[in-house]
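Listed after this line are the structures, all set down as structure tokens.
Look at the two complexes coming up: chain A is in both, with chain B in one and chain C in the other.
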Partner chain A sequence: MSQFDFLKPKSRQIEFEQFDDRILTFVLERERSFLTCISCGGCTATCSAGNLTSFNIRKIGLSLRRGSINDLSDEIQKCMFCGKCTLVCPRDINIRNVVLLIKKRIAQLESEKTL
Partner chain B sequence: MTEKRNIAIIGAGIAGQEAASVLAGLGYKVTLLEKQERMGGMLNKWSKLFPDFSSSQQILDTVQVSANKNLSVICNADISSITKENGRFELSDNSSLKVYADLVLLATGYNLFDATLKEEYGYGVFENVITSVDFEKVHKSGKKLTTLLGKEPRRVAIIHCVGSRDAKSGNTYCSKVCCITGVKQAIEVTRMWPDCEVFNFYMDLRLYGSKYDSLYLEAQKHHKVQFIRGRLSEISERQDKGLQLKAEDTLQGRPLRMNADIVILLVGMEACEQNADLCRNNTLDLDENRFFKSKNIHYARNISTQPGIFMAGSCICPMSVNETLESSRSAAFLVDKSFRSVQVEE
Partner chain C sequence: MENIISIPFLVGMAYLFIVLIFRCIKWIAGLSKFDKIRLLKSITGRRLFQSIKETFMEALLHRKIFRKNPVLGYMHMSLAFGWFLLIVVGHLETMMAEHSMFVPFHKAVFFRYYESSGDFYLSGFFAFFMDLLLLFVLSGLMFAIVKRFRKKLFGLRRTTRLKSGDKIALTSLWLIFPLRLLAESTSAAVYHNGGFLTSGVGFVIDFIGNPAILYYPLWVAYSLSLGFFFAALPNSRYMHIPTEVVFIFMRNAGIRLKKQNDSYTDVQVFSCSRCGICLDKCQLSVAGIDDSQSVYLLKNIRNKNLSDEKLFNCQMCGRCQIDCPVGIETIELRTVQRIESTRDYNSSYDYLIQEIATKADVVYFAGCMTHLTPRVISSMKKIFATVGEGVWFMDEVKAPCCGRPLMLAGQYEAARKLIENNSRMILDSGAHTLVVSCPICYKVFKEDYKLPDVEVVFHAQYIDALIASGRLMVDAIGLRMVYHDPCELGRGMGMYEAPRRLLGRMGEVVHMKDEKEYAYCCGGSLGNIKITEDERKLLRNQALVAYESYSPDVLVTACPKCKKTFAAGRKMKVLDVVEVVAGAILAEKPQKVENPLAEQDVDALAFAPDMTCNL
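Then we have the complex of A and B:
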């Protein structure tokens, strides 16, 4: 049957029971302002990297808050740390620091070989 | 027993005037103090009201008070201090004016957010960026909205939450009336120019009032107004004075660039700067948004933290016209009740 795997597509559901909060908890403990994001997209609109690549900082934050952290480690490398996102954020979230913390945590998890 | 029946009302906008009519009608001696040359306040700047496009002038005419034996009106009176001595209040401006009263009603209203502070939107720099109040002025003049060069706009963008729900502007609260104003003005633009495309950029659409959602439906059904969920990050000007907008279309999850001929910024409501002055030498207090603090947000909304001082209208929090008028009448009722209870005690 293994060659017929395409007949069993992966579920598109957000599996909330598999909520992985290992990055989220780390970020929130160090950058409380991240709690208040309302996904307005101001950050993504002004993002230097996002205008050139598929990088979407708002979506990264959102998937973090939904506990889904797959494929995050490659995506987060696209940030150039210009800080414009932090300047426009209406909730005054230090987004630049959020990205930094995500990278730190990913490095930790990768060194523990648990990601 | 000396009868205590003098009331001073600060602010002769629709809130102050409505309360003045009610209280003078009940036989109290009312002094209505207005800092501008004429009464009417902020509503003078508006053309038509949501949700029914009725004329704001009609409201102004309806609430208009005229001086009589119970009511005196003093214009150009910019009251900056309220003190209580020997059981009565003394109100004074920076010159020689002094008004005495047994009870005070604050109806000082609100200020408009200064859109030049949102530098990334270019108001005051790019001529085709205007505010919702500028639009009302055009509408009231009976002219059609045109670009700086007098041309018909092909596309107009309306930006929600300018100076509201924005920590960078120092205002984290919602001004509440802008969303519905944005929908109303979108319809008014398409009524002026049926071929003009109108886009509203919002973070959350908050159409809270009775009949507001039907206006939203009307905008979609009959005026093809389009709503994009995304906060504008910046506006830039092209050589031909056209504008380029940057936002994220958050529902598509992609950054969006759009050209527009005119941008309307929906400016929010702020507490008046002079509120802080009025709080000196008494126990009046401001809330976290710099509006006057109520004794209780549910059952004593019109009652301030200083006994004997009441509040009406948008000096309490952002309010629509109908809410303001209701707030004034409820304040007048409480003022009357307060006088009666004092007399019973005596």
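Then we have the complex of A and C:
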């Protein structure tokens, strides 16, 4: 059933108190093209890692924008960096850079022990 | 009192020597134990002569620059070799005049200042020869000054920016030889001990003013310029002069770059002369990126201010490495820096589960990029079916990436996890051959996988062998083809001939000016993580315009990534090598294939997000 987890959606309530934009601002400062994402899911459809696990690059974008960085830190480790997502993106977003920046920022926050 | 003028020179020289000895000790101490043994072996054995010869040819004669650009080569040679000869011949002259084998160093440098009577054996010859050498150096200096302000005359489009340490060193270097000429000329006017050049200039000085008054200040100025140059040298780009010698010795000893920084990286960094040849070769300048090229990378490592934006903004295509006159491994160096920079956030990929391998003779690994060019996969399948090969298509449904994109991003530890997983799968299958159709995968399979008894072959090699052994028959389809060398396959793996030989069986491969190791990058490289899509298009168009000028029927490449990038340019038909073969396969009874490209048009132009060709 893990393939069909969209059938049992989780709570859609967004807790604005828990909104943490430390990763989002870090990414946007360095990769402006992420602003143009339309969440089409093309990246997720072609993803090599997504083919092997429940990794979902579109959800990464969503978590990033919602500022729920706890969801990000485990999920982002699954990306294999192959670059297919960047190749199919209709908005020409440099997704590999977005992933690299998220990983870097998480490592920074972890070393500061503020994650 | 007489010796006082040599004090600035001697102070600068002493400072330089102390710094150099200190640095050398630090570099050698920083090598690993095995590298130290290698270095020791190489300087005690026969390779010592090879190193000395190479030092002479490269550090003094600048043979490699000469081959690339004779004017630039002359400039470097006249300054380096001319100065070297001035020192050696000057020393001989002093030994001759003093009738002694041992003369103090400053005595030789300021010979014309100390030596008043010009009477000793061969004195006339020495005066003439020293003047000739000085003229030789001055001619090179003239070129250097012209180059700084009019670089286009030297075939260079750009040259490097200088920092303050460089400016001090550069100015004093430029002043040394004109001051030497003037100082020696005043000596010649006073003592009549000059050759044709110094006597002539001395005569003019005598005519204008009083050489006896100018004599002392000019010699002091000459000594000061020497002292300033030597003192500024360790903190300027001219540190490359002594470092290059160390670099040549270490390289010849068989020392190689590791997956982390050690003193060999330092030696390579300091060997960069910032000549700017890599700036000219770099395609990024087409897209207006001019702060991340190899020369700036080396400079930033040296100044410890390398930012991620610059480090990851490089196609890793290797065009700069081919032309580097010093032989710095720019791509490997950048990879090491990327590994260092991302060391804190490697992934573990714990989720990778061991899939069950299928027993087969041949394993085919398509790779992520090939999955985005389905026509390549179907062509491969067609060829496998035609020859009846027992093949297991390893990543048809599920398989991790080969690991090369991670390595290009510096995630070496993470890539090792994928490599382990894939290696186990391949070895379990019991295959003797692994066929890959992507150069990115090919490079990592060849270099980083340990697959005993499994031969890794690129699809062009594999198909060529099939045709050569008569298992596959192809028809001559008479196409005029331009072959684009993918960076990872050509400069990365040195495979230039196999795809050309294969294509030559079916049609004509057009010879081009920029091909093989000088081939363009398509612009799509996975090595660059910071470049925007619009900038990539500019790089791609540069290559496409060059290929278009040969008006081929079709542009052929051997890399799915290059194919996708070029196809999006919508300028000409783009095919992979294997597609050309699949379109030319002869069935059992030979029959003419009618227009084999007709059915492939759609795929070649299928993916084109930009509907306009912005040139």
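Methods note: the second predicted complex is superposed on the first by the 102 of 115 C-alpha atoms of A that agree within 3 Å, B and C clash if a C-alpha of one lies under 4 Å from a C-alpha of the other, contacts with A are read in each partner's own complex, and residues count from 1 in each chain.
As a convention for this text, contacts are C-beta pairs under 8 Å (C-beta built on N, C-alpha and C of every residue); 3 or more make two chains touch, one makes a residue touch a chain.
Just so we're clear, the structure is a prediction, and the values are computed from it rather than from any experiment.
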First (chain B), second (chain C), both or neither touched by A:Lys59: first
First, second, both or neither for A:Arg22, with chain B first and chain C second: neither
First, second, both or neither for A:Gly50, with chain B first and chain C second: first
Chain A residues touched - chain C or chain B, whichever exceeds: C
Which of chain B and chain C A:Pro90 touches, first, second, both or neither: both
Which superposed partner A:Gly41 touches (first chain B, second chain C, both, neither): first
Doubly contacted residues of chain A, that is, touched by chain B and again by chain C: 46, 51, 84, 87-88, 90, 92
Contact footprint of chain A on chain C as seen in their complex: 308-309, 312, 342, 344-345, 347-349, 351-353, 368-369, 371-372, 397-401, 405-406, 409, 411, 414, 418, 524, 526, 529-534, 561, 564, 609
Partner chain C, residues of chain A touching it in the complex: 30, 33, 46, 48-49, 51-53, 77-84, 87-88, 90, 92, 94, 96-97, 100, 103-104, 106-107, 111
Contacting residues of chain B [partner chain A, same complex]: 120, 161, 165-168, 203-204, 229-234, 246-250, 253-256
Residues of chain A touching chain B in the complex: 38-47, 50-51, 56, 58-59, 84, 87-92
